[in-house]
Amino acid sequence: MKHLELKNNTCYDGSQIEPMWAFKTFGIKDSSIVTWIGPMKIEQNHLVDFEDVGLEIKGEKMLHFIIEHFDVQPADINLCYHRQRIFVMIIKELLQNLGIATSRKGDDLYYQKLSSNGKKNGKLSVSIATCSVSSMKVHFALNLVEKGTPENVETAGILEPYGNIEISDVKNLVDEACKNYINEISSIKKDISKTRVF
Amino acid sequence: MKHLELKNNTCYDGSQIEPMWAFKTFGIKDSSIVTWIGPMKIEQNHLVDFEDVGLEIKGEKMLHFIIEHFDVQPADINLCYHRQRIFVMIIKELLQNLGIATSRKGDDLYYQKLSSNGKKNGKLSVSIATCSVSSMKVHFALNLVEKGTPENVETAGILEPYGNIEISDVKNLVDEACKNYINEISSIKKDISKTRVF
Amino acid sequence: MKHLELKNNTCYDGSQIEPMWAFKTFGIKDSSIVTWIGPMKIEQNHLVDFEDVGLEIKGEKMLHFIIEHFDVQPADINLCYHRQRIFVMIIKELLQNLGIATSRKGDDLYYQKLSSNGKKNGKLSVSIATCSVSSMKVHFALNLVEKGTPENVETAGILEPYGNIEISDVKNLVDEACKNYINEISSIKKDISKTRVF
Amino acid sequence: MKHLELKNNTCYDGSQIEPMWAFKTFGIKDSSIVTWIGPMKIEQNHLVDFEDVGLEIKGEKMLHFIIEHFDVQPADINLCYHRQRIFVMIIKELLQNLGIATSRKGDDLYYQKLSSNGKKNGKLSVSIATCSVSSMKVHFALNLVEKGTPENVETAGILEPYGNIEISDVKNLVDEACKNYINEISSIKKDISKTRVF
Amino acid sequence: MKHLELKNNTCYDGSQIEPMWAFKTFGIKDSSIVTWIGPMKIEQNHLVDFEDVGLEIKGEKMLHFIIEHFDVQPADINLCYHRQRIFVMIIKELLQNLGIATSRKGDDLYYQKLSSNGKKNGKLSVSIATCSVSSMKVHFALNLVEKGTPENVETAGILEPYGNIEISDVKNLVDEACKNYINEISSIKKDISKTRVF
Amino acid sequence: MKHLELKNNTCYDGSQIEPMWAFKTFGIKDSSIVTWIGPMKIEQNHLVDFEDVGLEIKGEKMLHFIIEHFDVQPADINLCYHRQRIFVMIIKELLQNLGIATSRKGDDLYYQKLSSNGKKNGKLSVSIATCSVSSMKVHFALNLVEKGTPENVETAGILEPYGNIEISDVKNLVDEACKNYINEISSIKKDISKTRVF
C-alpha cells in the first residue's frame, strides 16, 4: 500500500472517489492513499452520499485523503466503512497528540471552539466510503480553515485562531496518519496468521 | 446486539472465547457483549494466540469484555480484527475522557506511569479475536490493578495510585464502551443504506 | 427491517427496482419492504429480466412489493433469489389460507380458473430479483384483476369473480406477508446463534 | 446434485449431519440428498442444536432427508438456513397436495389433529442446518407415526389414523420433495444468468 | 457449462466482454465459453484494461474465447483472474503438444521466432478478465497471423511460416482448450467434496 | 509471502498440512511456502484426502512444498484448489524446461517412462489442498525416486535413470517454482488494480 502526496492545489469535486482514480491518474497499481491540500466543491453528479443531495459540500482549504483498497475481493462496503472509522479514529488520536481534543460521531469529527456567544461544536471534517465490485474507497477531508465552508453548518478548521497548530504540523499529521493507517491494516494481517480459529 | 453485565467474579480461563459461549451459558440468541470484573488465568488448552504458547497470561482484577457477532456470514476474521481495533480505540477514547492518556499499538493499550526510576510504559490490556465458521469473537481485558500480572512484563492498572479513576468510573466505562461500540456497528449499517456504489 | 405501505396509486415502471430507491424516495435508512396497489407498465430501459426484452410487462391493478436488503455485504444475488423464493412461498401459504389454491413454478404463481372452455392455468404474478454491490432487491407483484395484463399470456387476478376474496382481505394479505417474511429472516438469524458448526 | 434413497432401516443418531458423511459412507462426490425411513435417537455428542442439550430427540419411524451442498464456497450457514426453509416449504406444499394441511413456524411443521379433548397442534418434524468451512448440511425428518416421539411434546405422524396417506404416498413424497428441491436450486442458478444487475 | 462455437467472422470490438453478452446474444442460461475466429479492433468505450487507454488493440485474424461464469456469487475478480491464468496455461500446454513452445508472463503468451536479424520474442495473445456483481468474464485471443497487429509491438501468429500448425489444428485446439478448461473447473468441484477441512 | 527452505530430512507425516504449522514451527507471520527434501509416510489421523482412507501414501525421497495463504478471508477452498492447479502447472512448465515432458490430470503429474515391457505412465506427484476458516493450505510433493512409493501404483521419480536431471537441477526447480508462484499471485493482484469492472 502506497502513500502519494500531491503538491498542487487540486479541487476535490467528487470525481476522485471513483474507483481506480489513482491508477487512471497516477498509474498506481496497488492499494493507495493519495493526499493533498486543496478546496472542495462537490459536483452533484459525483455525489456519493445520497443524504447530501441538494446540499453544498464545500470548503476553501481542506486536507484530503483518498484511500483505495484492492486487497479484499469482492469489495465489501461493510469492511470499507470499518476501515473508514479506524482512519477517522487515527486522525483523532493524532489531533489529540497535537493538543486538539475532538469528539467523534460516526465518521465526523467535531471541535469545541470558543466564540463570542459561548462554546460551539464545529464540524471539522467530511467523509464517505463507497465501493465498486473490485475496489473499496474512502474520502476523508479535514477543514484547515472555516473559510468557504457551508454557511448553514457550524464548522471549525484546525488552523483557525482557536486551534493551535501550524502548517508544518499538518505535514506531519498527513505522514503520521498514512503511516499509522497502513501499519494498522498490516498489523491485522499479521495478527490473523498467529490466531487459532475454531 | 445485547450487553449482559455479570456481577460475579468469573475467572477468564480462555473457555469464554469459544464460539457460542454466550448462548450455551446465558441463552443469548443474538450478537452480544458480556462484561465482568474478575481475574484472568488462561489455561494452555484454551490458548487462541499461538504467540502466547508457554507464557503466563494472567491478572488478579481485570475488566473483561467478550464480544460475539453473528451478523456476517461466513464469519470473517479480518473483519473481526477490524472490529477489535475499533473497540480498543473506543476504550482509548473513554480512558482519555477520564484523564488517562494511553498509547496504542495494534490491540494493546499502554499507560505511561511514573515509578521511582523514571517513566515506564505499562501494558494495560490483553486482547484477541478469533472465529468459527459462523461466529466472530473478541476478548478484551483491561487491568484494574497490576497485582497478579506477569512478572516479566511491565504492566499498569487503571485503578493504581498513579491512575486517577475510581471503581464507579469503571462501571460507567463499561456501559459507555458497550453502548458506543454497539452504536458504532449500527451506524455503519445505516451509512451503507445511504451510499451510492459504483 | 421496516414495512412502508403506500396509499397512492403509484405505477410500477421498473425504476423502483433500482438500489436505494427506498432511501432516495422515502428516506428509509434500513432494509425495507414498500408495498402498494397500482398499475404496472415497465419501461424498456428499466428492464432487469433480460428474458423480457421486447415484451409488454403490464397490469392495471396489481399488488406490489419492493424488498431491499442491506444485511449481507457484499450483496449476493444467489441469496437474494433464495429470499425471493421464500417470499413467493409465503404469499402462496397466505393465498391458501384465503382459499385460493395456487401452483408455483420458480418465482411464478398460477391459479387454475374455470372458463367457458374448461380449466385454465392463469399466471397470477410477476417477480424479479437483482442487486448492486451493496443492495439486494426483489420486486413481486400479484394481479388483483386480469384487466390490462398482456393479451398473449393467460393470466388471472385474485379479485376476479372466480377468485373469492375481497379488497379487505388484500390489506390483511399485505400485512401478513410482510410480517411473516420479516419474521422468517429474523428467525434464521436466531437459529444461527444456537447452532453448532464443524 | 444427486438423490440417494436408502432401503435399510438406518437409525438417525446425529452422526449423519457431519460434513462429508455422504462421501465417506457412499462415495458421493457431489452435492446430494440421502433419504430413508428409520428411527431417530440423537446421541448427545452429535447434538448440533444447542437448544436441545439435555432433551430427548427421538421417534420410532421417521422419514429422513440429509442434504449436503458444496456449491457455495466458503460454506454459508445463512444461505444454508434459507435453503432449509425452502425445503420445509416444499414439504408443506406436497403435504397440502396430499390433503394434509400443516402450519409452519420457522423450520417446524405442525398438524392440527382431533383428539378426544379437542383439537391439538402436533409437531410433525424436526430439522437443523449446520456447516463446516466447505460444506452446508441440512437434516429434516418427518414423523410417520407418533410412536417413540418424546412424551413431553405433543406430536403427530402423517401415517396416523387422523392423517390420510399411505406408505405408497410417502415414497412419492420423497421423490417429489427431492426433485422439486433440486429443481428449485437449479432454477435459481438459471435466473441469475438472465438478470441485469446494477 | 457450455461451449458455443461461432462460424462467422465476428469482430471482437470489446462489447463481447460485457456481462451477459452470451445470454443477450445467444440465449445461453448458463456459464459458457463462446469461441470464434475473427478480427479484433477494440473500441475505446469498451476498453476494460485501463493500461490500454490510447493504445490500438487489434489483429486481423485471431482465435477468440469469451468465458463467463455464474457459479460463484458474488462474482470475484480475484478468482476470475486465477481462472484466466489456468486457461492460459491450458492453451500453453496444448500449443506445446502441437510443437509450439511458448513462454508465459502473467496472462500473455510469447513465441520465440526467428527473423532475419536473430531471435525475437513475439507476443501471441491478449487477455483480460473482469466482472460485474454477478458474472465473471474472461477474454483470451490468440493471433493466428501477425497481419493487422499493432506495429509498435513485436507479435507472432501460430499460423505464420515459422509456426508449424494448420487451420485444422486450430479447430482441435479450440475443442481441446474448452473441454480441458471445463473439466478442470469441474474436477476442482469434485476435489472439494472429498477433502477434509479444519 | 515468504519462501523457507528446510535443509533437514523432515518426514511428511500429514501434520504439516494443518493450518498455522508454519507459524507454530518456524514463527512465520505471513503467507508462506516451506520446502524440503524428505520421505513421506502419512499417518491415518492426518489424512485430508478422504479418498485415500486405508491407502498407503508414501515415498522415500520426495520434494515437498507446503503453501499457506492468509490473504483471502474467510479462507475459500475453491480458490485454494485453483491456486493448487496453478502451482502444479508451474511445476509442469519447469519440468518441461528441464526436458521432462509430463502430462497432468487435475493435480497429478505423470511421466511416460520406458520399461522393459513398453511405455508406462508413472505417477510423479501427490497433492492436496485444504483449509480452516482463516487459512488455505496446499501440499504438493514430487517423487525424486521411485523407491518407497506404494507398490500397487505405477510411479516415477524425476531423478531416476529414465529421467534426465540432477540434484542441482532440483535446487533450482525449488527456487524457480516458489518464485514463479509468488509472482503469479502477485501479478494477479496488480492486474485487478488496472481492470475496469461493470
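Think of it as A, B, C, D, E and F in the order they're written, each chain with its own count starting at 1.
Here is the rule we go by: a contact is a pair of C-beta atoms (placed from the backbone, for glycine too) under 8 Å apart; a residue touches a chain by one contact, two chains touch by 3 or more.
Owing to the predicted nature of the structure, the values given are computational and were not obtained by experimental measurement.
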**Study point:** C-alpha-based rotation, subunit A on subunit E, 0 to 180 degrees, nearest 5
**Key:** 120
Review point. Based on the averaged CA atom positions, which chain is farthest from subunit B?
Key: E
Exercise for review: Give the label of the chain whose average Cα location is farthest from that of subunit C.
Suggested key: F
Revision key, fill the gap. Cα centroid separation, subunit E vs subunit F, in Å, comes to 27
Check your understanding: What is the distance in Å between the mean C-alpha positions of subunit B and subunit C?
Key -> 45
Practice item. Round to the nearest whole Å and give the separation of the Cα centres of subunit B and subunit F. Key: 41
Revision key, fill the gap. Each of the following residues of subunit E touches two or more other chains, namely 19-20, 23, 50, 72-74, 76-79, 131-135, 189, 192, 194-198
Review point. What pairs of chains are touching here?
Key: A-B, A-C, A-E, A-F, B-C, B-D, B-F, C-D, C-E, D-E, D-F, E-F
Exercise for review: Could you pull out which subunit B residues touch subunit A in their complex?
Suggested key: 18-19, 47-51, 72, 76-79, 81-83, 85-86, 89, 92-93, 96, 104, 106-107, 128-132, 135, 184, 187-189, 191-192, 194-198
Review point. Can you list the residues on subunit D that touch subunit B in the complex?
Key: 50, 53, 74-79, 131-133
Revision key, fill the gap. Per the touch rule above, subunit D residues touching subunit F in the complex are 20, 23-24, 73-74, 133-134
Exercise for review: Going by the contact rule at the top, pick out the subunit A residues touching subunit F in the complex.
Suggested key: 19-20, 23, 28-31, 70-73, 132-135, 189-190, 192-198
